[in-house]
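Here subunit A shows up in two complexes: once beside subunit B, once beside subunit C.
The block that comes next holds the complex of A and B.
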């Protein structure tokens, strides 16, 4: 067997050529990883929003909280169902919530739709990962709001202590909350009654969230809700609800990422082919010598494909390295289910980086295959004569 | 000299072809991104005389139907109609079954859309039947709908399922995307809901685009002190607000574009360097034969330039041939703002990059060839 050191050394012989090919493939990896990191960040945000024990109830037929509305009476019926877990105070863990959109201006003057979520006290018990990082929670009756970490300073210039007109009332930002990386980080929260009064939408909720006693009890609770004759609603587990939004919104990035990977991959593949052809051409004597020494054609093929793989791995590693600073970069896109803006951070997860390295290696191996094949097929005499 | 360049390019055909192809592919991608951006920033079907009035808070809030009469009384208003986004589900949730479905008023709709052409008798039939709908030509063709076909749309925003009969087709003179829409009589849903009289938006046609700003101010001022304040804007600005919502997608596309350019730059530089290295001795011979330094420079540069231009031309040709098909594909995937149209910007951009790429990549090898001492070149063994 020919040691791999031979390949690495060979690549070093034509340093400039090898380096430029590596760099050109690395850029492909950079773009691919960047776009995938967008999709991954979005998915993480939605996954973090779904809780295994929580059931979300919407009007039957509605796909999202934005489309749903039902009388507050329905919420009271839901909260009193036997399958609902109870909090420390002995009361059922249930939060009736409203969701509305508000046009806000971004710092650059463009506009966006931000989600206003009216919540009851239990909203926090249902989402224990939400922590106030600055200021405090809003106090009902004081026309106060709290703002998600992803939205702070982004839209409407919302900061601790600033005021904003939402509907008829003017609200003061009482606190900023850490959303634990969830999609709630793009929202503005306030008391559900106050938002209802301010927007003249009293007596209606968009959704009800209920805590089941355990994740295993979720299905039983859903069954209980949907079989109720009194109310016309649909219940589903929170993770499934958010997964649908995640698929609708992150699918675009996956499609874009794959399109770019395939197209740029082709281009980079040709670059790898050029480099490997040059390697083969420059080393025809070496190849002949190896053959004379008794190495088989198959081994020669393997050697050059391996060399291409080394080239690709190096390019993948460089590309992944270049893409690392993208981690935690903030970005925003449309949640295509609610037509509001969701802000999130890019995530260069191991999966994403691995996919980048894989694309680079595949690119180089495919590009290197034909040069390797021609190297292994050439007759020894021809090889010795050349060069 | 031209012959010499051609021969040089053909000497390693495989390498030249691979390089030209990689440039072409990269530029196709670039052109595609640029066309998408253009498609998103300028929606063609926006009429400069048309304005949209909606609730000041956001589109999720509606305005009283009575606003229509008050807005119609404004001085420069030629026509006004209502426009409600029904959304709903047609067959299933797959993206190819998603297309805009608007509830409007068949009596006033044609006044506001003078640019649309309706099939004979379409308007009368639409007005005569509460459950009739009209569809754009592109949409009807894609779905295989014939006049008289009945479709069902399940309500999601509104708790009503509607059953509609196709009674007419309309076409737009230039914008195929404007034909991927369905319009039906909002009265149908209104009655099913118990006549709430809630309107998402009013579309207004003015007598002239010159009166746009004045009318916008008047419309907004009219409801300044009402519980439901309104926002008025040009149709183009209204469409743009949906693009703005998508966040920094422009930035994303530009960043990708830059990385693509960087990648092909290295690919081309690499090829030209390889080509030049192989021919060091030859260049020396040319010089011995009396070719001046500047001639040698020109030969290498032109060779590199032709690779760049060839790649750009191929990429452009591909885009010209496939832009229509790509647009239809994207639209059938439920993507809005998908009309790819080759204006002046994209071809200029692609050719510009091809030329600069060719020149930049050839520069270093060309200068090396020019400044090389003849003896060194002859001595050096490639």
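The block that comes next holds the complex of A and C.
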């Protein structure tokens, strides 16, 4: 086999051409990785929101908390079901919650939809990763709220200590919470009764979250809930609920990423083909020499395809390097299930970067294949005459 | 009586260029015995290089038969021909054709990568070949760091590193000054006399041809005179 240093050094001979191709493919990788990082960030935001032991209950037929509502009586029945874990006080770990969309004004004058989540005390026990980073939790009866870390600075009136009108009441921001990367970071939380009063939606909840006694008991609890004759609700594990929302939103990015990769990759293919045709044309004597030395046509084909792959790997590495600063960059999009704004950070995970390098390599190999084929097919005598 | 290494019987070679058929070789027959050093002479366009290419299995004749080392080349497909060439033929080009991005050592090692030899065995063979051509101290030099004569010596070392029975040289001194040309001819003579290599050398330089043991003359595709030294 011809040593790989032959390929690498050959690419260095025509530095300018090689570099231009590497840069053009690297930009494809940068855009592709950027879009995939959006999708990955969104997926993390959703999957971090799901807990393996938690069951979420909605009105039967509702796809999201935004579409769901049921009487608070239903919540009380759910909380008393067997299989629901109990807290240190011996009470069931259950949180009846409401979800309302609130239009907020950004500092630049544009508007965003934020989720107002009314919760009961157990909401924090059900989501142990929620941590107050500034101030404290809201105190029921004091018309206080806490604000998710991703919303901080997104709209006016959400700073610690400031006040904001939500419905009929004015609320004070008592604390800022770290959502552990979950989608709750884009929400405003307050006491469920106070939000109900403020928006005149007393006696109805959007959802109930219940903690099962263990992750293994989740299915049994769901079956118990759904087989109940008293209530007309649907229950599912929290991870599955958020995964469905994640797929609806991040799927758009995945599709967009692939579309961009194909379109830009098509152009970059030509750059790779151009470089490889130049390599082949400039090295016809070398190709002839290799053939005279006894290397077969398929080896020559392999040499140039490998060279294209080396080109692609270099471009992929550069593109991935350029994309690294995108990690943790904050972004926002619409949750296509609840139509609320969701804030999250881009994630240039190893998978995302790997996909970028793969796209670069494929682009270069596809572009380099036909030049490689022409190099392997040319008769030796012709190569010697023409070189 | 030495074994006949090369047998060429009534070989013709035509090229088609645009609407014209160009007859390059017209019924050439010749033999070369094992251990011979043959100079193939003739003016430009006489078919010398074409005949050499046919002997190396680089090109195929229009008609006729070529046997080298007992193998009829017409019976081999392209892939088999590549393997056969690697085992039996060392080729020296007029313009050396060393791979510019590889050092002298790496250029010599290249054909050996087609064998099952270990790295250490390859190193021994390369070192020996470089020693034969007197360039052991230049093994880490790239072709651009060598003179024309040195490049051609490396190219000769590459041609013999696989220990082929037949060495084919196409105008090996054509691009060299008189002094370097003399060194290359001395080297080829040494390969023939000391190492028993059979050499067929294309040249149009009578002084180069004199170093061979036999001269064959090609003119307009016909082999029509011969001289022995």
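One rule holds for everything that comes next: the second predicted complex is superposed on the first by the 385 of 387 C-alpha atoms of A that agree within 3 Å, B and C clash if a C-alpha of one lies under 4 Å from a C-alpha of the other, contacts with A are read in each partner's own complex, and residues count from 1 in each chain.
Rule of thumb we're sticking to: a contact is a pair of C-beta atoms (placed from the backbone, for glycine too) under 8 Å apart; a residue touches a chain by one contact, two chains touch by 3 or more.
All of these numbers come straight from a predicted model, not from anything done at the bench.
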Which of subunit B and subunit C A:379 touches, first, second, both or neither: second
Subunit B versus subunit C as contact partner of A:151, first or second or both or neither: neither
Partner chain in contact with A:20 - subunit B first, subunit C second, else both or neither: first
Between subunit B and subunit C, more extensive residue contact with subunit A: B
Subunit B versus subunit C as contact partner of A:355, first or second or both or neither: neither
Which of subunit B and subunit C A:34 touches, first, second, both or neither: first
Footprint of subunit A on subunit B - complex, ascending: 14-15, 18-19, 21-23, 25-26, 28-29, 56-61, 87, 154-157, 159, 227, 231, 241, 244-249, 252, 255-256, 259-260, 262-267, 269-271, 273-274
Complex contacts: residues of subunit A adjacent to subunit B: 16-17, 20-21, 23-25, 27-28, 30-31, 34-35, 38, 59-63, 66-67, 100-103, 110-113, 167-168, 199-200, 259-260, 263-264, 266-271, 273-275, 277-278, 331-334, 339, 341, 343
Residues of subunit A touching subunit C in the complex: 1-3, 5-6, 9-10, 12-13, 285-286, 288-298, 379-381, 384
Residues of subunit C touching subunit A in the complex: 53, 56, 58-59, 78-79, 82-83, 85-87, 91, 93, 95, 97, 99-102, 106, 110-111, 113-114, 158
